[in-house]
Amino acid sequence: VRRPAGTTERLEAFSDGVIAIAITLLVLQIRVPDVGGDDGGLFSALLDDWPSFVAYAVSFIVIGIMWVSHHSMFERIAAVDRTLQFINLFLLLCIAFLPFPTALLADYVGEGGINASIAAAIYSATMTVIGLTFSAMWVHLYRHMELLVPGLTRDRVRQSCKRSFLGVGVYAASIGLAFLSAQACFLVYALVSIYFAWGPSSRILITDAGQEAAEEAADEAAR
Amino acid sequence: VRRPAGTTERLEAFSDGVIAIAITLLVLQIRVPDVGGDDGGLFSALLDDWPSFVAYAVSFIVIGIMWVSHHSMFERIAAVDRTLQFINLFLLLCIAFLPFPTALLADYVGEGGINASIAAAIYSATMTVIGLTFSAMWVHLYRHMELLVPGLTRDRVRQSCKRSFLGVGVYAASIGLAFLSAQACFLVYALVSIYFAWGPSSRILITDAGQEAAEEAADEAAR
Amino acid sequence: VRRPAGTTERLEAFSDGVIAIAITLLVLQIRVPDVGGDDGGLFSALLDDWPSFVAYAVSFIVIGIMWVSHHSMFERIAAVDRTLQFINLFLLLCIAFLPFPTALLADYVGEGGINASIAAAIYSATMTVIGLTFSAMWVHLYRHMELLVPGLTRDRVRQSCKRSFLGVGVYAASIGLAFLSAQACFLVYALVSIYFAWGPSSRILITDAGQEAAEEAADEAAR
Amino acid sequence: VRRPAGTTERLEAFSDGVIAIAITLLVLQIRVPDVGGDDGGLFSALLDDWPSFVAYAVSFIVIGIMWVSHHSMFERIAAVDRTLQFINLFLLLCIAFLPFPTALLADYVGEGGINASIAAAIYSATMTVIGLTFSAMWVHLYRHMELLVPGLTRDRVRQSCKRSFLGVGVYAASIGLAFLSAQACFLVYALVSIYFAWGPSSRILITDAGQEAAEEAADEAAR
């Protein structure tokens, strides 16, 4: 008899692969500037290209936090049904798409005007769809508690659903913000990331699984 | 004595790696449009580039379903012989090639005319070859039942062969369709994907392994 | 106490990752032709670009067989010392470099003349260095039998060394052949691959590990 | 109860994925030269492009040694807390960025002048930040010994901290060197790599884990 865990492991490995590749492809949008014979012009050309570097860093952290979030979710999943497999595939489709809005934002945010706002709005819309897909996964798990590891209460899963809805709300709001100030979106993405990672409600995206594991390890070492 | 499972695990991991990379490289064919100083021109430029986005989504789902299919097959394989290793290598060659017909289709389907048909036909032909390779693997397994996990009947493997033949037929037919309407091919690829994923014969490509695993897990949790 | 196998597993996974990425990046050298408004010109443009397709297929099979070879070698390795780690790193450096000579060959072999020969010679030289690195690994293992799994005789390892030397010889000879006919090199690479994969001395690069595993599985199923 | 090791394993796999992709993307900065109809011009065009090949080799070895170093560190880590997860994410952000300074250096070092120095200084600065991040991880582990595998003494971890500080110092110094001679930086990077890999203080980056494992294996085989 095959172990159900096998299914989860290979799906996790595939998801990790796609996320790891998407995060690493981000660097390809940073282009080496051609400064011709302008001696010393390289430094100012690189400074002018600041949106590429900021977009790289922001998207890297955003995708990295998605990975942590995905990781935490799958630590709670014992078996994967077909629906979950396809929601997860759609999630990967959106995450693997992120290098495009990143490149778009990097190219247009420096220009300002309506094009910069369109680029930022497309980035925010992509993030909103990703947030919705995470929510759909949590709602599906809430309705199929048998897919989760034993010991998880419906209450904790409901909390995870609510937290994912908050993420959707923040990103949807940033679609509107894009038309007020595209450059402010960068700031918002960065702040949201720092908030998710370090703030009081950091459990929205990053569950305390790692913390628990560390405590368990400490307990084991103490024994 | 080394366990035969080891061979399968590393081959699966390698295959997953290649498929995960191919699926993630798809985004590189979407280019950031250069709209010069045209304020607000970015939105219409992106709309004009709809084939790139549709091609990305369709190919992502197509490769994703291939991964699910490959995953299901290898859950049934206990050991890999040299023939299977080389059929699998050829399968990966074809899957890793898909970003090219995807980019071709994205560039030419909007143009219409005979070039659009050629691009769609090349995409369909690639899919047909992939289907044939899956069929070859199932036929080889049917002839070498000792490579499969114990408990699988010849009857079930024969069914898997037949299902893979159906996939080949549908994709071969879409080569002809390309010359009637290249844009219709997009629709067909999408419908075939949805059909394979959710329709009554979804077991053609996606076996019920995940479902079984979920049921086993539910059983275990119930005990 | 940690198991020494851990070291090997993560090194294998890293090597597999690099090889899987290198093999999948090969497709990026195939460019979508720009045929302007030439209706029906896409087909002939693609035909003219045959070297890209042949180079893709040949390099994919070549790297795929290297993976099989690497896989077979590491099935025999129980622990990795620092020397082996660095020879392996140099091997990966060369394999990850292969997309460049592949693109070079694809661009210049159609032109003919001395440039085509130079491109083919650089491809052959890269293959020769890869062969030498495989040889260096086998020779190091022959001198450090304690790194291998128990039960392997010095005689079998010596055979693996000899077989790897033959590979080096064939590829070194193809450097010279490049200056007689660059296009013939394609044929030679393909024939060498087929020979390594299916011919009587297929054990040069592909050991019979998979075969053994299949037989073991058959034995187990028979019991 | 789930094992804390699970957390570490998936984080290691994700890190390995990102590092393997970054190291393999390095080849994309090497461009096929366009020599037009210049018969035999390919060889001299490739010779002129020597910085691309040197930059590829140096960055490949540099990232490869970082992988060995990361690998050694995680062999000593039993559980990962949130802080470590985010320092590691920042480390991956910097390593995945390396293909950009590599391409920059490859394009500008041949030109000489102040632009070459700027390119080399940016490369050195990236390396310095990576070194600082490794140091931050070791310092965090020193303050949280409960995250490490049992049996490690504070003294050994303090040594690892000190060794990582030395790496930071060497790379920081090479920022200054870039303005004396950009080409000398190549030599220094290569020498530092060789020193780290083979020199008397090779344990700075590469711990003796592999060696230990080999000895354990030899012991086991001897029993």
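A, B, C and D are the chain letters, set down in written order, and residue numbers restart from 1 in every chain.
Criterion: contacts are C-beta pairs under 8 Å (C-beta built on N, C-alpha and C of every residue); 3 or more make two chains touch, one makes a residue touch a chain.
Note that the structure is a prediction, hence the values are computed from the model and not measured.
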Over half of interface residue numbers shared between chain A and chain B means same, under half means different, so which is it? different
Using Cα averages as centroids, what's the distance between chain A and chain C in whole Å? 36
How big is the gap, in whole Å, between where the Cα atoms of chain A centre and where those of chain D centre? 25
Can you pull out the residues of chain A that are in contact with at least two other chains? 13, 17, 21, 25, 28
Can you identify all of the chain pairs that touch? A-B, A-D, B-C, C-D
In the complex, chain A residues that touch chain B: 1-2, 4, 6-7, 10-11, 13-14, 17-18, 21-22, 25, 28, 78-82, 84-86, 89, 92-93, 96-97, 99-100, 103-104, 107-108, 113-115, 118-119, 122, 144, 146-147, 150
Within their complex, state which residues of chain A touch chain D. 12-13, 16-17, 19-21, 23-28, 30, 32, 35, 38-43, 46, 56-57, 60-61, 64-65, 67-68, 71, 75, 149, 197-198, 202, 206, 208-211, 213-214, 216-218, 220-221
